[in-house]
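One structure, pasted below without further comment.
In this document, chain identifiers A, B, C, D and E correspond to the written order of the chains, with residue numbering beginning at 1 in each.
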């Protein structure tokens, strides 16, 4: 049963330049990876015998004002451990490989990040709008500096 | 307290009226038949009002709730209120609908299930007309309901209605065969198709046909429940799958007609069950028509009970159950009664 | 429009005519009020409370209210829950497709005014009365089944007060 | 064949049709009538329906209608036999057995060929 | 289609199992392409209940987010409060007193039973058996009374707070809770008597809508759906949180992964939750129910993904805080989102009645999907 440091060591050796360990509060096994080698990492995670992380919990998009951060949460049902994977994509017109063909669950997660943040997932089967109304023309609402037609901000109460 | 003296008195009054008017004598009979038809229509209307209220109260008490309480004492005015409300509801005829067929579907539906009441024996001598082919007439006239459901399903140009209409046609058509076969067993014993003869052949309680035709009664009841699109076989208007089945585009009085016809069918099917298997109006002390009403209400109670306990069958299971289980059983029943009642 | 809405005008000059119209009006209103069939339509948390109101403990059936899945046969529509901008045209279409004497109860804060999602939400319609005329606004998030019953009684009272004459025009313009 | 006993049947049918027509006519006086194009659009769960519902439907239902015709015609032949059953001798039973036997074999063949399977 | 009816004679047609449909449990629209009774392709359209809860949370303080979380997943609101509070407590390393932990477990398990009762009701309703729906809601009303007694609300409780719970339980909560726990076993036997051995129910659910083990894992199914497919994965045991390690309960799993297995897993789970509540009521310690919190609660910079075992599977909450009083970003994950995603994978070839049964057995509710 691989634990925190053995996973990090295994991953950093497997992808020397691309993957680096990450310290987060509170402590959790986290790894940051370049956007380009995301597919490589996931194929390795799914196929490797002692990792077998094929259960993708969710994909989060975070608008860090100068870039967009995408966080993947993957866990393995046999070995019962969880890994956080973080990548950076530039804010406007960011591109990242889609991992839908490796883990089908990613399909709708990526579609949601595309729709709300504008990150383009390369060769994703059907990047269509599914949360917002069909005639939506006001861009990507989850960005922090977004403003819409009847979007009322709550007044600050001091 | 039999009703026959009452009818004689009405006859004499009618004949004296017609003579006073100087019209030919057969006109009195015609008038009498029309009066009988109107009486049966009123009776059927009252029964449907009672049945709708009774089903809502029964389903309430099955499910530990009260059912209609507010409209009148224990909600007895509820169905009248529903009827009057449906009178005031707008009747929407969608644009891309086949207007004539859409209009005539409820008419055919109500007329066919009402016409079968011509031969239902309500009591001693209380029968609109005692046709010598009574039961055959009923079985043939009730298949018109299938045509009306197909008309409703196809004409409303709605995919759910189409699905509902097709399903109900397939279901009623398939269950018609075991239904008629189960009736044959009874006819073999009574040697006559007329309903009055069938009832007279079952004087005492022990001579009811249900004791000598238990399998026939079981097949009849199951096929009859399927015939009226109720309980485990209610796939045509399966709310969860087809929203409202074939009457999805109907509103106002046209919908009320389908609603009326459904409950008329329910009463009709139980009336036939009592006539064929439970000895019609035969019974000790009570007057004959009361016996008929009590027995029919009991059969209706059982059918309503089915509805609130069983889940719904899928279309293919329902068809396979009919052709692979009920039909062979019906043949078996026919062969057994063939050997038993050789006369 | 049915001839009946012109009845009161003719019956004015007939002696004792008003008694006929008022009693007919009372019977029609009474029957319409005591058999409101509600449309099976609920979007969010208020739908769960509507289910509980239909279940054994609070039981809508006591008022003669019975759910119908198709809007053609329903005459009361509970807008139970949040109406998002994507759902708004559908709600409008469903309301339009209901047969004419129809009533709407805006159930819960979200249907009345957008409720807890009024501020900072880009996808919620701020109140369902922007798209369909509403008869009774029912606050609460979610309102209790008893208050849902009270809203239905309010609709029934409203129905009982309707006049025959104003049947000709769509009462809410 | 006393035909006059069929008169009530005709009366019942006409009365059934007349009753429905009269009720619909009376209701026409009372009910409001305000068509709007959204109201008259066909209902499909709050969505615009795609394509018409008048299509070539699945032939599966037609097959069952055929089977029904075969077996219902058979039942019609059985009716007169059943009515006169007790006055006929034992050989009538044998004839009926043969008649039904042929049809049961037909049913078994349909069953094996998978016609009864819903697919 | 067997050779008796070649399919080129029948046209395929598109039908909308649209936003307003009795069996879509809210506002999901399924565009079905059908050929007669069989479904050729099913594409779900969601977003009819998208209320942008995540966008609102970015402009609310931590205490103000909790009522929003109740509306995120309103059938088990205790669970959605718990997952948010768990993430914040891990982020800010807040200590929770013993009594609060026990109260939380009692409320969570009662909420799971209430949610499974709604599942059982709507599942049997979708199969056509109307009476069990009423019986299940009658039991659920008793749980609603218990919740109302403690938190004052029937559905959106706002009860679990950062650092403990909002109020202590009133004194007549314990006897009522014990009475419910003792009588509930026979109630489950009543439901099973109506449904489990019913031949029509078995015919409608056995081998219907089979979700194989790898489809379940690949589409990130979780909770009863995953366990019904044979994967023994329960976050209360495999990723332990709060004090679930102190209770003895086993994890029911199915074998085939068909509709009947999902039904059976949830019915057994109700029995297990009942046992957990019984043990929690026995071991309930005295003591205060909330730690002393600073008036203005500012967690340190960092991010944390907490996940709990909710009635509908894994419910996750990923909070990113930038040190201010408001969370920088809140990402919510519900089980139903992935279960709706796997409908197109299993729907082709089914009949519409099977799709209704399977969709009901997935127990999907729309706020989790649309957020």
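Just a few scattered comments:
FYI, contacts are C-beta pairs under 8 Å (C-beta built on N, C-alpha and C of every residue); 3 or more make two chains touch, one makes a residue touch a chain.
What you are looking at is a predicted structure, and each value in this text was computed from that prediction instead of being measured.
Counted as hops between touching chains, the shortest connection from subunit A to subunit D is 2.
The minimum number of touch steps linking subunit A to subunit C comes to 1. Chains B-D form the pair with the most C-beta pairs in contact. Relative to subunit A, the chain whose mean Cα position lies farthest away is B. Rounded to whole angstrom, the centroid-to-centroid distance between subunit B and subunit E, based on C-alpha atoms, equals 45 Å.
Annotation: 15 Å between the Cα-based centres of subunit B and subunit D. Spacing of subunit A relative to subunit B, judged by their CA centroids, is 64 angstrom. One inter-chain figure worth recording: subunit C and subunit D are separated by 39 Å, centre to centre, where each centre is the mean of the chain's CA atoms. For subunit C, residues touching at least two other chains, in rising order: 28, 40, 55-57, 69-72, 84, 86, 90, 94, 97, 100-101, 119-123.
Shared contact sites, meaning residues of subunit B that touch two or more other chains, fall at 63-65, 88-92, 159-160, 239, 243, 248-249, 252, 315-316. Contact with two or more other chains is made by residues 13, 15, 18-22, 37, 47, 50, 52, 55, 58-60, 134, 138, 370 of subunit E. Pairwise, the chains that make contact are A-C, A-E, B-C, B-D, B-E, C-D, C-E, D-E. On subunit B, the positions that touch subunit D within their shared complex are 29-30, 33-34, 36-38, 40-41, 86-97, 106-107, 110-112, 114-115, 117-118, 128-132, 136-137, 154, 156-162, 166, 169-170, 173-174, 176-177, 180-181, 184, 187-188, 191-193, 243, 248-249, 252-254, 257, 315-316, 319-320, 323-324, 327-328, 331, 334-335, 338-339, 341-343.
Residues of subunit D touching subunit B in their complex: 4-9, 11-13, 15-17, 19-21, 23-24, 26-28, 30-35, 37, 39-45, 49, 52-54, 57-58, 61, 64-65, 67-68, 71-72, 75, 78-79, 82-87, 90, 93, 96-97, 100, 104, 107, 111, 116-119. If you check the complex, the residues on subunit D that touch subunit E are 44-47, 49-51, 53, 55-60, 63, 113-115, 117-119. Residues 131-134, 138, 141, 146, 148, 150-154 of subunit A touch subunit C in their complex. Against subunit D, in their complex, subunit E makes its touches with residues 1-2, 4-5, 9-11, 13-21, 29, 35-37.
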